[in-house]
Amino acid sequence: MLEVSNLACSRGDHRLFSGLNLALLPGQIMQVQGENGKGKTSLLRTLCGFLLPDEGKITWCGEDVRELRENYFANLLYLGHHNAIKDELSALENLQISSGLSGITLDEKSAVSALRRMGLKGRERLPTKVLSQGQRRRVALARLLVGDAKLWVLDEPLTALDVGAVALIRELMAEHLAKQGMVIYTTHQPLVIEGVEMRRLSLS
Amino acid sequence: MAINWFKYSAPSTFYGLAGKMIPWFAIPSVVLFAVGLYIGFFVAPVDAVQGEAYRIIFIHVPASILSMFLYLVMAGYAALGLIFNTRLSSMMATALAPTGAMFAFISLWTGALWGKPMWGAWWVWDARLTSELILLFLYFGFIALHASIDDPRRADRAAALLAIVGSVNVPIIYFSVKWWNTLHQGSTIKFTGTSMHVAMQEAMFITLLACWFYAVAMALIRVRSIILERERNNLWVSELKEVNS
Amino acid sequence: MNQLSIFKLLNLVIRRDLLLAMRRRADVLTILVFFVLVVSLFPLGVGPEMDMLRKMAAGVLWVAALLASMLSLGRLFSADYLDGTLEQMMLAPQSLSVLVLGKMIAHWFVSGLPLVLMAPVLGLQFDMSVPALLVLMLSLLLGTPILSMLGAIGAALTLGLRGGGVLLSLLVLPLCIPVLIFGSGAVEAVTSGLSVVSNLSLIGALFVLCLVFTPWVTAQALRISME
């Protein structure tokens, strides 16, 4: 499904990686490893089309993603370092708007139930600026529950999360993989999903 | 005849080529300036209406023409760089901008010097001077945007987009300013029928050519320094004679 | 993509930006106060002779509107850029140009429309006649959206740069000159008894031109700036 061939990326003068190949099939999960500054985030951002690669090609179902554009984005869910939530809006409004942007109309009931599953019961209508760092991350992660995107690209999804939330993310990933979804992510914490082979890609 | 043009679109090969081309533009430029200004100041007759003061047109008019022409050339190079992702075109655009801005400035300066004896004021808000001033601002915008972005690739692409938007706007701005005020005298160069003495025309075309050669030479000199700066981590740069000495 | 989803998306983006603006009302008021302040400074600077003020009115109001809208442009994309929302917008399965158009429209509602509504009150300070006031409002109504649209290009290009605000003005103000000329020209035409049709239709032409091209150009600029 997702194929990357001979990818090279640089920031400024500095070459991050080159000749990178990878393929991700339905039901597979891949962890990108590497020290700080080795280009993990740049790789994920290149996969999303934010960065132009110096060389190489990224294809989705055999077609170049730069040509697919919107049709590729419809299959993609990206969660970056930033939570992409607005302080002034409530958790509920944030979730409804962000899923609206990705083309999903979300009624209040399913939005509330998604937020409750993320452990935000009773906080759905509070402005997100009064929530803690971990709770805001949970609001952002609630998007994993409402979309039907095939490919999840998650950059450090576990930052600021407590043990319970990490277990929840593991559960969500397992469900997604069981539905023939794909996940590519970075993390500095150990994450083991029962019954799933974790593929690893090391940048060095 | 098969010349591989793409060979010269690589900065490393163009660096050497540009070095060889510079004298071919720099020397004619000096010669043409000398000849053009000699004819302009000593051969061309005194103008019946404007007296000796008109002689500034031998600098003013070529500078104005070049300032507008160079903006379009710059936008063209920038667009090439944006569309085909050729680094050399973007470097050429960056190299042309200061020369274009300088010509716009000279055009304003000489326009003011001409204006004092003609209209009795250093600055008159007429259509052409005002357009030239706005053009200078457009050059400043391009240079400032390019300078304030650290990543050279983003700088090239952002400035290119600005140059394209600017070049679409230049005719609109010119038209609107002209609409706003048409105080300037009509065009002095007419191609059908001469309202100018032959020597005047000769002098103007020669200085125009001189300015053009000068612009090319300056752009080549500047693009060579830009290539060196951008490619400083590449092997071929460290093997250059002038870098090692 | 069918038409319905374009309008749904536009609607969503506009509603979102207006909702955010309503929760940060101080920002909107600041722009309006700046506009009023700049216009009121002119009589203090040039003296209170009514004849001169009447002559200057259209130009002063237009220049002040231009400066006020520059002030609000910095925030058009930067808040979304800083909190990561812009990345999500670029991954929307619809065209980015439509999204950008929505943001432009919302920006105009927040920073352009209040100026249009405030202008006649300020015009009275300059003793403008009723027909002149009407033409002023009309020209601002057509012209301020152009400022939002051209400004969006500059805002997208200067995203995340040091000293972005001043740079933004340097990039955008020269491009806005035709709007300024035709806009204040329309008011001058009506006060000297000429037809305002040509001036207003030229602004209208610029408006259509901007509507067609600027969303796409801004979308490209955003993609460049996100790298």
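For clarity, chains are labelled A, B and C in written order, and residue numbers in each chain start from 1.
In this section, contacts are C-beta pairs under 8 Å (C-beta built on N, C-alpha and C of every residue); 3 or more make two chains touch, one makes a residue touch a chain.
What you see is a predicted model, and the numbers here were worked out from it, not measured in a lab.
Taken together, the touching pairs cover every possible pairing of the chains. The central chain here, found by comparing per-chain C-alpha centres with the mean of all protein C-alpha atoms, is C. Between A-B and A-C, more contacting C-beta pairs join the chains of A-C. Centre-to-centre separation between chain B and chain C, using Cα means, comes to 33 Å. Rounded to whole angstrom, the centroid-to-centroid distance between chain A and chain B, based on C-alpha atoms, equals 49 Å.
Centre to centre, using the average C-alpha position, chain A and chain C are separated by 36 Å. Among the residues of chain B, those touching two or more other chains are numbered 151.
Residue positions of chain C with contacts to 2 or more other chains are 227. Within the complex formed with chain A, the chain B residues making contact are 150-152, 233.
Across the interface of their complex, chain A is touched by residues 1, 5, 8-9, 12-13, 16, 19-20, 23-24, 82-85, 87-95, 99, 226-227 of chain C.
Interface residues of chain A, counted against chain C in their complex, comprise 48-52, 70-71, 73-74, 76, 78, 80-89, 93, 97-98, 100-103, 105. Of all the residues in chain B, the ones that touch chain C in their complex are 134, 137-138, 140-141, 144-145, 148-149, 151, 153-154, 157-158, 161-162, 165-166, 168-169, 172-173, 175-177, 179-180.
Partner chain B is touched in their complex by these residues of chain A: 11-13.
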